[in-house]
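A, B, C and D label the chains in the order they appear, each numbered from 1.
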Amino acid sequence: MSEALHMPQPALEDLIAMLWREGFKVLGPVARDGAVGFDEVRKVSDLAVAMRDTQEPGRYRLGQGAAGEIFGVVNGAFSLKPFFFAPEETLLEAKRERRGFKVSEVAPVAPPLAFIGVRACDLAALAVQDRIFLHDRFHDTHYQARRKDAFLVAVNCARSAPTCFCVSMKTGPEATTGFDLSLTELEQGFVTRSGSAAGEAIAAKLGLSAAGQNEVVSAKARIDGCAAGMQRGLDPTDLPRLLYAEAENPRWKDAASRCLSCTNCTMVCPTCFCHAVVDQEELDGNMSRRVRKWDSCFSLEHAHIHGINFRPKIENRYRQWLTHKLAAWIDQFGTSGCVGCGRCITWCPVGIDLTAEVAAIRAHPVKR
Amino acid sequence: MICPARITGRRTETAGIYTFSMRLVDNAVRRAYSFRAGQFNMLYAFGVGEVPISIVSDPGDPEHLEHTIRIAGRVTGVMAGWKVGDVVGVRGPYGNGWPVEEARGRDVVIITGGLGCAPVVGLINYIFRRRDQYGELHILHGVRTPNDLLYRERFDEWRRAPRTRVYLTADQPDKSWRYKIGVVTELFDELTVPPSSIVMMCGPEVMMRFAAHALRQKGIGDDAIHLSLERRMECAVGLCGHCQYREHFVCKSGPVFSYRTVRELFGLSGI
Amino acid sequence: MKPRAAVFKFASCDGCQLQFLNAEDELLKLAGQVDFVYFPEARSRALEGPYDIAFVEGSITTPDDARRIIKVREESHYLATIGACATAGGIQALRNWADVEQYRRVTYPSPEFISTLSTSTPISEHVRVDCEVWGCPVDQHQLLAVVRSLLSKARPVLPAYSVCMDCKRRGNVCVVVARGAPCLGPVTRTGCGALCPAFNRGCYGCFGPADDQNMESFARLLASQGVTGDDAVRRLRGINGYVRPWRETADAIAADKK
Amino acid sequence: MPSRRTKSRTIRVNYLTRAEGEAALRIHLRDGALIELRLEIFEPPRFFEAFLRGRDSREAPDLTARICGICPVAYQMSTVHAFEGLYGLTIDPAVRELRRLYLCGEWIESHALHIHMLAAPDFLGCDSIITLADRNREAVERGLRIKKIGNAIVAALGGRSVHPVGACIGGFTRVPRRDQLADLREQLLRVRDDAVECVRWVSHFDLPAVTRDIEFVSLRHPDEYPMNEGRMASSKGIDASPDAFDDFFEEHQVPYSNALHCKVKGRGPYFLGPLARVNLNLDRMGPEVTSVARETGIPWPNSNPYTGIVARALEVLYAIDEAVRVLDAYQPPPAPAASFEVRSGVGRAITEAPRGSLYHAFETNERGLIHSARIVPPTSQNQARIEADLRALAPDFIQRSLAEATHMCEVAIRNYDPCISCSTHFLKLEIERH
């Protein structure tokens, strides 16, 4: 990580303006419909300034925060996922021709995006999605087109929501990699570091001076304080073995008695990548689009083949999700599918908490 | 990318099962195309959808593709109407295929059940075309009722071939049934093979589980037992997530798995 | 030859068949593909059956209609119900829990002139149905997708997962979690594109139950939001209230209260 | 073919087509004299007024919308206005304007549907818009363009054009930002010429020249063309608050069929809808629409029901201009909806549905649950008037073939753009031959 610089608050305004000038569409945490999510920002006041979120399983409220605090709201309702892995997009078009048909790829229209205020967990999640969409045997051109020019300004967390558990997943609260610039908010301005050549170039243009020693110390203290105060945790020890062995633990049934199978957890999860591929034919039958949409292992259709459904019960599907996320993912991609952002806990309408489910299984194994 | 292919032949195997021959339309694509026995293509019916279908023709002649399709639902229902001259879509090949190299020189046991399994027919054809490279060939097939025995003539043909034995059984036979009665494992009493044999099977997962168990008794190791699995597939490249089988993506690390790899999962329901 | 299609109406508001006419961009294309030989709302010349495709709107509420639907079925090769009325009994199925005699008196000064059944029932309770298009009203894209599938000789399939999935795809903020508002989304079939949450309000179930729902847990969720007793019953006994999982849950809550 | 031999003859139009809903007509003539005439509406009863009892007033707009798929917005509007009166709400001016916009959308969509899909084929000898398109594709495409923008307005405020979800007591569940409406404005300006052309087109139809003694009824507002608010007015002198609906109008049931018939107390049938509104409110349509109205050469006000289609086209033009006006002035209200406490009481409201005045009256208990509901849709109010028109036509029938007579009746009925499914209370057909 590079040298710590001091960034006065007005320079954030400059940063936003500069990114727009550089041709980026700039997005940041904005309050909308009672929650914070990434949306277009043109100036600092567009951000969710002086606001605080309260989060608990199945509940999210936005309220007043500390005056002047810019990044008081921790991870928002939506991660970076929708911006790179689109919820719905056309991949191909097939047009009928006199004899047969012709297929052409639809190139994604992707203005370069800059994000201000990305949390460490979301950066970690982005790395997981990169692994899946860019560094696997197949390479997703749509994801790549949007991903390649993105500019990421991270914000280190000075407080956590009660649903956060990044410390146990070793993904936060400090962003250590995967960003162009990182910020730690202080009473007066920010301590900033660059994490890439692009970040360095922007920092240079902003003309920032080196941060004072006391600023560096207090930034670190804030991050450490956040880490120390984190209320939730998930013990990742030997998870694949545990969950594979506990496939018949009665806890799955118990969770299934609460689970609505509504798909919300998978939709808000920044790493979930399941998608449906559907062909949509025009009414006149001359053209058909192949569309990719987010899908979820909680839908009944997901594991359906003709005449059989491999996961007919909610308990099968809940187990599939959790086992995939925390165990099979490691076998598949060499990394956990969970980064500890806690979104699936907050945004589950009935507040099912995966950390509690895992803890219960660990506490009462049926195998050995 | 979906490549257009022209249907060059259509054969009715039995009611509701058709074999289509096809040729990729684009010359360059066709020449570059190659596949292994047991791999599959995603076949596309314009505007309606795409489904995984095994390639049953011989990998030695990759410019000629053959697919045997059983009409099941929406997409295959449309495929039932494909005629010679129609242009359809092919994307592939995908999957790992049968371990035909590993099998060379060994006795081969092929087990299939249920409504006849296209990948196995392709495999048998493959071996017959290279008959001297393989040892004894045992074909075991279990059906529920005699009506489910789909390729009756082919079984008869195979039965007459040298160094080949065919074993048939029906769960619920009728008067015309001249073969064994009971589930597939009933056939194992008659089967005598050396432990060095290799087994390849395809069919309902319960059947395969019982068969694997019975084979173990005969001293055949879990490594020598290979089975082809079926899961929903929408992308076939390990991205869409539908074919997950715990840590496996059936489309890319399968559809053929050694029994050793999946035996732990085989006993679990809802995976 | 173009398939011959017919649009039949039973007890309904006409909103579902209107979706054909509301397809302004597609209407002439549609007419190029399908011959609507019987469509009283749109065409004065009505041709006799048999029909290749029948779209049936509305529920069965009168003895005459109970007889008419049988004839419609006989004349139609493929029969698709369109909308909550035809597929689930519709809003008028609220009578199924009431005393219809009393309903008659409430609505008409001379109730004796009214001939009606005591129930409003979906078409599938009367005849075989080949395809059910849910929604109040049906979604135009879904409706046209069904037509397209039939033209392509493919069995139409429509998604049956919960509204929540489309709600999140659309980027709505969940009204349950962020506002504590009751929302039927988790147990409702998708199709509308998660309209209500996009308009800052809870889903009220226009598309009927999703293919798989956990009604016990959902009822507990409602209760935790303070929606209990009659209030919970009313939420479930709405436009698709007569469909089994919702009907049973509402009935159980109603029975509990007594 | 003239059939002088026939002394007695019955005409039945078994299924009234190109009308929303189901109705039939039976006319019995003897020696050229009309013995009996019945407009039988056999739309099955759906009992809205009954099942609304016990429902929460806050769900009512979603329920009453389901009465009619063609004019759900008007149903929602009458419902919310009735409850807003009951709960003593004051509506933010910006919300009020958005509601006008909302209703403009429905008028445009519903009128365009009626003109192009239901009525024009009659005058041009086609059986549907599809055959009309073969003959005059341009007019059809123009109509579809107009209709589409109407639906787009409703969808912008309520998510979809049939049973939109955005309206609630107090306002809307969400209001658009200004920039979200910019596109609508552009589209409206693009179809304005189409709308003018449409007025010209319909005014050149071969409209029968008749004059009848008609009492026209609509809302009238001191400053604007009536939509959501105003006093009841009529060409024969009614001027009263909607609260007094029952003092002026009465519903009664006829055995052979029908939605309940309505009459002006002590007088008889009356006429609702675009022609009534134009006749009574031409001075509120603004100079530009008025001048287009004058150009048609048709005198306004007039008592020829066949000019209804022209009035409808004029209202499309008016609604486009009005929508643009609202959009230009729009600033989002501070809150999408006024908050309120429920209470017991009675609330009544009339709004102008595309087909005419739509009256709702609700009584609630202290928990805001509906104790009783009354809904009087325009089609049922027009029904007696339709029968009167048909009666006036009857003497002509004796000279005409069955097909011709049938056609004449259908055209006459369609003047009223009857939306039969929206009549909340219909009877089963009971044929009683005397």
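General observations
FYI, a contact is a pair of C-beta atoms (placed from the backbone, for glycine too) under 8 Å apart; a residue touches a chain by one contact, two chains touch by 3 or more.
These numbers come from a predicted model, not from an experiment.
If each chain is reduced to the average of its C-alpha atoms, the one that sits nearest the average of all protein C-alpha atoms is C.
Between the chain pairs B-C and A-B, more C-beta pairs are in contact across A-B. With centres computed as the average of Cα coordinates, no chain lies farther from chain B than D. Put simply, the C-alpha centre of chain A and that of chain D have 51 angstrom between them.
Measuring from the averaged C-alpha position of chain B to that of chain D gives a distance of 64 Å. A straight line joining the Cα centres of chain B and chain C is 43 Å long. One inter-chain figure worth recording: chain A and chain B are separated by 40 Å, centre to centre, where each centre is the mean of the chain's CA atoms. Looking at chain B, one finds that residues 46-49, 73 touch two or more other chains. Chain D has no residue in contact with two or more other chains.
Counting partner chains per residue, chain A shows two or more touched chains at residues 281-282, 285, 295. The set of touching chain pairs reads A-B, A-C, B-C, C-D, using the touch definition from the header. Residues 92, 94, 96, 99-103, 105, 132-133, 136-138, 140, 240, 244, 247-248, 273-279, 281-282, 285, 288, 295, 297, 302-307, 310-313, 315-316, 319-320, 323-324, 327-328, 331-332 of chain A are the ones that touch chain B when the two sit in their complex. Across the complex, chain C is touched by residues 32-35, 37, 58-62, 77-78, 82, 87-88, 256-264, 267-268, 280-285, 293-296, 298-301, 314, 346-350 of chain A.
Only residues 15-22, 42-47, 49-51, 53, 55-56, 59, 62-63, 66-70, 72, 109, 113, 117, 121, 127-130, 133, 137, 140-141, 144-145, 147-148, 151, 158-163, 165-166, 168, 172-174, 251-253, 255, 260, 336, 372, 410, 419, 421-422, 424-425, 427-428, 430 of chain D touch chain C when the two sit together in their complex.
Residues 1-4, 6, 25, 44, 46-50, 72-73, 76, 87, 89, 230-232, 234-235, 237-242, 244, 246-247, 249, 252, 264, 268-271 of chain B touch chain A in their complex. For chain C in complex with chain D, the residues that touch the partner chain are 9-19, 21-22, 24-25, 27-28, 31, 36, 39-46, 58, 61-62, 64-65, 90-92, 94-95, 98, 100, 102-104, 106-110, 113-116, 120, 136-137, 192, 195-196, 198-201, 204, 206, 231, 234, 238-239.
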